[in-house]
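All chains are identified by letter, namely A, B and C, in their written order; residue positions are counted from 1 within each chain.
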Amino acid sequence: MSHMPAPPPRNWSGWLFAAALMVLVIASFATLSLKLGDLFTIEAMHSMADFLAGFAPPEMASGFLRKTGIATIETLAMSALGTLLAVAGGLLLAIPGAGRFGRAPRAVVRGMLNVLRSIPELVWASILLVAAGLGPFAGTMALAAHTAGVLGRLFADALENAPPLPEQSLRLNGATPMAAFLYATLPQTLPQMLSYTLYRWENNIRAAAVLGVVGAGGLGQMLKYHLSLFQMERAATVILAMLLLVAVVDALSFALRRSLTR
Amino acid sequence: MLQLRNLTKSYSNERRVLDRLSWTFEPGEFVAIMGDSGVGKSTLLNLIAGLDQPDPGEEPAIIVDGTPLASLDDDAATRLRRARMGFIFQAFHVLPHLTLQQNVALPLLLNGLPQGRELEMLDAVGLGGRGHDYPHQLSGGEMQRVAIARALVHRPALVLADEPTGNLDPDTANSILQLLHQELKSSGATTIMVTHSPAAAARADKILRLTKNGLKVTTVVNPATQ
Amino acid sequence: MHNVPAVPLSPHHPDPAWRQRLATIAIGVALLWPLVVATEFYPWTLFDLQSLTATWRFLSDFLHPTHDAEFLAMVAREAWKTVAIATCGLTLALLGAIPATLVVTERLSISRLGTGRIATFPRIVRQLVRWLLVLLRSVPELVWALLFVRIFSLGPTAGVLAIALTYAGMLGKVYAEILESTDHHASEVLLQNGSGRLAALLYGALPEAASELVSYTVYRWECAIRGSVIMGFVGAGGLGQSMDQSTKNLVGGEVATMLIVFVLLVAAADLVSKYLRRRLG
């Protein structure tokens, strides 16, 4: 009757993990000395309210709206061109990255792709600005570089996972390796790659919008400019334009992706 | 047309699948090769197709139309396959993203030949009006017919077939074989068909059996071609 | 006898679709042109002499990453600050996201019991909170960071708050989705028998969904680390701010070291995240 089985050993790792988490959180707050309490004082609330009030009503003068419109087009163009360049670069890199030229090139190219995609677009932009100067060119190249890494890896995986039979079938019938690749493997993987591309475009429109804050043109540059001059109504208009642009591109991409899978 | 001379093939564990096989296939003959599972029938076909290499030896082991396969580099072997051979291999079927017409026309495209014959071939195999359909709309028997059409459209000198009636029910298999026989005879290509089915083999001029001792004629169906 | 014509073994075969391809390329170029103009895509400017020398010096400095002890210590401190910003930001985001989730999750709706439809007032409240979350998510983090830098001046506070707001939006949405998609049975039974919402959550919904929730949170923590580096470029402190300064000062060696540290940091966070997700999942 008192032959109960021994209790299961206490699982300390759960407690250990929770404790480590606590330490991390506390250390973080301690290091930063955030003075969040200051946020909630009356003066802080007042100055925040004033600050926020400065945003309304958003600037709607036609001259300014036109400038915003041009910046929007610039941002859209940045994201589109950057993505397109990334597709070209990614596709080129995906071929060795899928092992088509051997194991060593595959490893090297995969490493390159990892570097390209680990560095965020903004960091790329900040570095490329040194070479390209201020303006959307640096932004486009930054988007292209980072996205080429992302797409290159996704494309390479898609190529590697494509069912090999159609390509082998073509080779059997006497097609050159290049022809077999172009006529069998590529058409098979194209819908998937297109889908990835559209998804990245959604991401890139957001990235393009903000790249400007380091000087890469478009809406971001406008935002930084007007904020630095404390022209809040104009900044508000720019932010609204950003939100609108992102919503439009999201909807477009979603519609295109849906028509692909039908 | 096709000569095998002391053809040997072993695998990495030193198991010899084919051991000094020698044979001559005459132009225009239709030969069926039967044998137990694992005896090396498909390996033999792969070697003839140039998809695999025989063990190196003193003399060239496979000679197609006077050309030793071993003397060809990868490009030349590709060209040979493209121009002179037709394949009905079970797994290497039609390309799913192309229409039937495009599938059958493939050998013509690859060889730079003028288009048009693919429509005749589709007619000949009884799929005349369906050139714009896609493979996923076809039954197994219909796909085999497309494979036959594709294998013959560019009038190859050598046709290799691996279990062309493998997954088919007896009636469909029968009509496919009839079709195959008809087409092969009218084109005059040398044909080597590997099969398990006696019914399929009966359509050939000659039935060979592959054993670990080599190839041997078991039946001569149509003495007229001797 | 055979009627086999000799097909020439020609060394090349024409691309059958070449006419189509040429046309597609032509159309592509026509569409591309306005894009190129709009983005001032003039690659030759990369090669004018002035910028070339500056670029060359900057880039060649990359080959000699700065590695003196004092600098490395500073970089390590800034890297830790970045992690701290991400952690604090995420913690605050949780404080916001958890109540929002409780409100938004329809499963925990008491008014829904029995009729299966939520009463009007709770539905309006839910919708408002949902829209709030969408708003928080849609504004890019960097924009929030910019705004907060204006209010609270340079430093990590801006970064922490920016992360807190955006991620509250993201976490709220995804938590609600996870709770919706796991099995409803336990929490429904509890609610029907009169338990409060919080209890229904803790004892009913949570045990099922816990591993997914934690997994997503850890993944977001990793994203937050990258995000806080990026926000550093607008003055929100940490590794990003130092990188920005070194780039502006054209000291390639320092930028190179910090890039390496950044890549290592991200890789480390990725490993930790994968490990945790596997242990807890």
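In the analysis below, a residue touches a chain if its C-beta (ideal position, glycine included) is under 8 Å from a C-beta of that chain, and two chains touch if they have at least 3 such contacts.
Note that the structure is predicted; figures quoted are calculated from it, not measured.
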Busiest interface, counted in C-beta pairs: A-C
Chain with minimal offset from the mean of all protein Cα atoms: A
Can you compute the centre-to-centre distance for subunit A and subunit B, using the mean CA position of each chain? Integer Å is fine. 51
Roughly how far is subunit A from subunit C, centre to centre by C-alpha average, rounded to an integer in Å? 7
Where the CA atoms of subunit B average out and where those of subunit C average out, how many Å apart are those spots? 55
Mind pulling the subunit C residues that touch 2 or more other chains? 13
Can you list the residues of subunit B that touch 2 or more other chains? 75, 79-80, 82-83, 110-111
Sites on subunit A at which at least two other chains make contact: 176, 179
Taking the touch rule as given, give the residues of subunit A at its contact with subunit B in the complex, in rising order. 165-166, 168-176, 179, 183-184, 187-188
With touch defined as at the start, can you tell me which subunit C residues reach subunit A in the complex? 13, 32, 34-36, 38-43, 45-46, 51, 54-55, 58-59, 80-81, 83-85, 87-88, 91, 138-140, 142-143, 146-147, 150-151, 156-157, 160, 226, 229-230, 233-234, 240, 243-244, 247, 250, 255, 259, 262-263, 266-267, 276, 279
List of subunit A residues in touch with subunit C within their complex: 13, 17, 24-25, 27-29, 31-32, 34-36, 47-48, 51, 73-74, 76-78, 80-81, 84, 115, 118-120, 122-123, 126-127, 129-133, 135-137, 139-140, 176, 179, 206, 209-210, 213-214, 217, 220, 223-224, 227, 230, 239, 242-243, 246-247
Please name which positions on subunit B make contact with subunit A in the complex. 49, 51, 75, 78-83, 85, 87, 89, 91-97, 106-107, 110-111, 150
